[in-house]
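Report on the structure given below.
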Amino acid sequence: MSVPRAGRPRALNEPRWVRGLLIGTALAFLGFFLFVPLVLVFYEAFKDGVATYLAAIREPVALAAVRLTLLVAFIAVPVNFLFGLAAAWAIAKFRFRGKNVLITLIDLPFSVSPVISGMMFVLLFGAHGFFGPWLQSHDLKIIFAVPGIVLATMFVTSPMVARELIPLMQAQGSDEEEAALTLGASGWQTFFRVSLPKIRWGLLYGVVLCNARAMGEFGAVSVVSGHVRGLTNTMPLHVEILYNEYQFSAAFAVASLLALLALVTLAIKSAIEWRTGR
Amino acid sequence: MSRHLRGGSPLPGFGLALGFTLLYLGLMVMIPLSTVFLKTATMTWSQFWAAVAGPRALAAYRLSLGASFIAASINVLFGLLVAWVLERYSFPGRRLIDAFVDLPFALPTAVAGIALATVYAKNGWMGRWLDPLGIQVAYTPLGVVVALTFIGLPFVVRTVQPVLADLDPEVEEAAASLGAGRWQTFRRVILPELVPAAVTGFVLAFARALGEYGSVIFIAGNMPMRSEITPLLIMIKLEQYDYAGATAIAMVFLIASFSLLFLINFLAWRRNKRLRAAEGS
Amino acid sequence: MMKTPFLLRLFVLTLGLASAAGPAMAQVKLLNVSYDPTRELYQDVNGAFAKYWKGKTGQDVAVQQSHGGSGKQARSVIDGLEADVVTLALAYDVDAVANSGLTPKNWQTRLPNNSSPYTSTIVFLVRKGNPKKIKDWDDLVKPGVAVISPNPKTSGGARWNYLAAWGWAQKKYGSEAKARDFVSRLYKNVPILDTGARGATVTFVERGIGDVLIAWENEALLAVREMGEKGAFQVVAPSSSILAEPPVAVVDKVANKHKTAAVAKAYLEYLYTPEGQEIAARHFYRPRNDAVAARYAKQFPQVTLFTIDQVFGGWTRAQKTHFDDGGVFDQIYGAGR
């Protein structure tokens, strides 16, 4: 079943049985942890038939959740795209003091517990938060409304693009940009004609992952959403609600949409990798 | 910005890029984070100490740290294996499985949690086989480990893979020609090369696992002192209107994550510097 | 910029979907912030009330729903979730809303029956044929009986469960110390503390864990109907239990701001009308209205009920003694400070 990768001398390969064992163990591990749960989502979604499935995702409340999720991603992803680009440019192309601290700060939202992320925005904008009284006197709603959900999502997904770009741009160096500048190109011309094409796949890759995370965020959004049906429920929250209403097939149906999104994300990602010849 | 600050690079846009970065970080990250510290500052020392060092909080830290550590260790072990298999062997479906490794990044955590709880419950697809063996996964600390392993799975694979791909085959050949067995070559030659990447992957998986909430609450059982993770404890404090208590625990956790991240960024920076020095000489 | 046409199309598509019109605008909107097990109840109530209100005033009213753990929902309202009315699991949570100044502290006297239009109690749900022979509270502490009940720290329903067990034990054994001992033995038999009442039901019914679920009577009856295919579950009523009074209240500050105070009040009063009571009874809540209660008497088991005021001196005291940090519940789990 397994053949060594081409071009490797015999001495550098393991005996056949070792290869088989290693591949088998790796696949079993991935199977138990990744594949079985994924299959289960689709199995449960279609258990009661296609009609139930379609009914579940065509329900107005479900559609409202889909719309909200798309809206949130539509705002959060482009903003983080710009942020990631700016941060990577500053960090990869220039040398300055405190760069390590800056990189760590960029990474930080990634490891802040989603619950804490949501809580911070309640502390800021909640009725008893730091800006709460001011917001109330101006009748502005952030928490328990769409802006709060967008903010929490932006916080959680802010490192995604930057993380992808920083190592890439660091590895590429800036020789080509310097050459373009010497040849008389303006700063923006250099950026658009030289730098962007070099990183476009990495950028797209970051955007795709950022989007997946933005659409799937649960913990942080759960704290700031208020769970109003048809208004402030995103898809992951809607899954939880259906699950709590004993509508398991419907819950898994909406979950399967999110899982499908994950699979599409992975497909785009692989296409990018294939294209860039990794 | 003055010239010497930007390290002599002739490229434009430093001010704009760094300015925007700092502005965004300030608004989106620093101000929200500062609320945690400001709210905690409203407590007295004894209140703070009682909140962050009470037996229930300590038990939650223990579980969060312990389960994250075990999950990250499992991920190092199997991550190395998966990276090795994907990089070194070819077999049908290899590309597909390679893409598949990133699933935990893309799958919403709540979906993962519900799916894992269903699979590993006593009457689930996996639990049904494990239960007669006396192994209970769902609703035990073991379930927490399973969920955290799922969440952190891609990190080690993705940090180790590129290093493995870049390994110079000549070194291995040399080891083989000197009479080293395959296992010896792996342990003495290949593994040391992989250790830094594996450590980075470990810390990333560990940091991610510490904060995880969505996937864990569905499978954990949530027993105080036994299977209650720290983020859940924070959530419980919130629901009791105990904001200061929640932020105090959150602060302890934030400092821990920041230190961990700073550590890996520092390690990566030091390694790069050493590599550059080696290349320069 | 460098976006590929595909990505561009995707974004345009997203924008189109996102900006597509939401649900049709109704003339009046109410937000009812409620707790977990009332989802089905209020879905029916909202439809019926909309018809009633339209007939009475000619005005369209759309009631929006938010559900979650009772404490979490109260916190959301305090933090600014603009609920016109709250319908929560226990008075303590509405008190918390009142303490933040959103509604007067005398809210409980503004509607009949302590502002709870329907009541419930705490019963047991067991598996088919009752294999562990669960009859009353003392059967729950027997060795080898696994009891499912949610975490009283996060679930309002779980607090009722806890207090029901305590109240029974105090009456039976005659002292607080013995009641405490009984409750701590009871929780030794609880293998999983879910965060909410709904989660606990799912654990018991779907996951097949535990021998008995302590639950709201309405949840237990609903579970028997919704999920007990071929009678897989049955309800067992203990000899005595607590009278659970889930309260409702208008959140004055929000309702005044939205100019919905009148319709919000009418909405809650509608719950006391024969039609409202009928809907509540259909969803297995015990109605206050005698005529409706008589009609549905058969579906509710006979249980001697005691109130929280009789045994615990009200919610504020019960909360402080039992559920606050370092309280009796924490001490049971060895987590007291």
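Letters A, B and C name the chains as they come in the text, with residue numbers starting at 1 for each one.
The working rule: a contact is a pair of C-beta atoms (placed from the backbone, for glycine too) under 8 Å apart; a residue touches a chain by one contact, two chains touch by 3 or more.
These numbers were taken from a predicted model, which means no experiment stands behind them.
K.L.:
Please tell me whether B-C or A-C has the greater number of C-beta pairs in contact.
P.N.:
A-C
K.L.:
So which chain is farthest from chain B, going by the mean of the CA atoms in each chain?
P.N.:
C
K.L.:
Averaging over Cα atoms per chain, report the distance between chain A and chain B in Å.
P.N.:
16
K.L.:
Return the distance between the CA-based centres of chain A and chain C, expressed in whole Å.
P.N.:
Taking the mean C-alpha position of each chain, the two centres sit 35 Å apart.
K.L.:
Show the residues in chain C shared as contacts by 2 or more other chains, in ascending order.
P.N.:
Those would be 78, 206.
K.L.:
So which bits of chain B are touching at least two other chains?
P.N.:
Within chain B, residues 232, 235, 238 contact more than one other chain.
K.L.:
Got the chain A residues that touch at least 2 other chains?
P.N.:
129, 243
K.L.:
Contact residues on chain A for chain C in the complex?
P.N.:
60, 64, 66-67, 70-71, 73-74, 122, 125-129, 132, 136, 141, 143-144, 192, 196-197, 200, 203-204, 207, 226-231, 241, 243-246, 248
K.L.:
Under the definition above, what is the set of chain B residues touching chain A in their complex?
P.N.:
Checking each residue of chain B against chain A gives 5-14, 16-18, 20-21, 24-25, 28-33, 35-36, 38-39, 78, 81-82, 84-86, 88-92, 95, 97-112, 114-116, 118-119, 125-126, 146, 149-150, 153, 169, 172-173, 176-177, 182, 207-208, 210-214, 230-232, 234-235, 238, 243, 246-247, 250, 253-254, 257-258, 260-262, 265-266, 269.
K.L.:
Mind pulling up the chain C residues that touch chain A in the complex?
P.N.:
1-2, 4, 7, 11, 14-15, 17-20, 22-23, 31, 33, 36, 39-40, 64-68, 73, 76, 78-82, 100, 196, 198-199, 201-202, 206, 223, 226-227
K.L.:
Name, in rising order, each residue of chain C that touches chain B in their complex.
P.N.:
69, 71-72, 75, 78, 96, 151, 153-154, 191-195, 203, 206-209, 324-325, 330, 333-337
K.L.:
Which residues of chain A touch chain B once you look at their complex with the stated criterion?
P.N.:
By the definition above, chain A touches chain B via 1-6, 8-9, 11-15, 18-19, 22-23, 25-27, 29-30, 32-38, 40-41, 44, 82-83, 86-87, 89-91, 93-97, 100-117, 119-121, 123-124, 129-130, 151, 154-155, 158, 174, 177-178, 181, 187, 190-191, 209, 212-213, 215-219, 222-223, 235-237, 239-240, 243, 251-252, 255, 258-259, 261-263, 265-267, 269-270.
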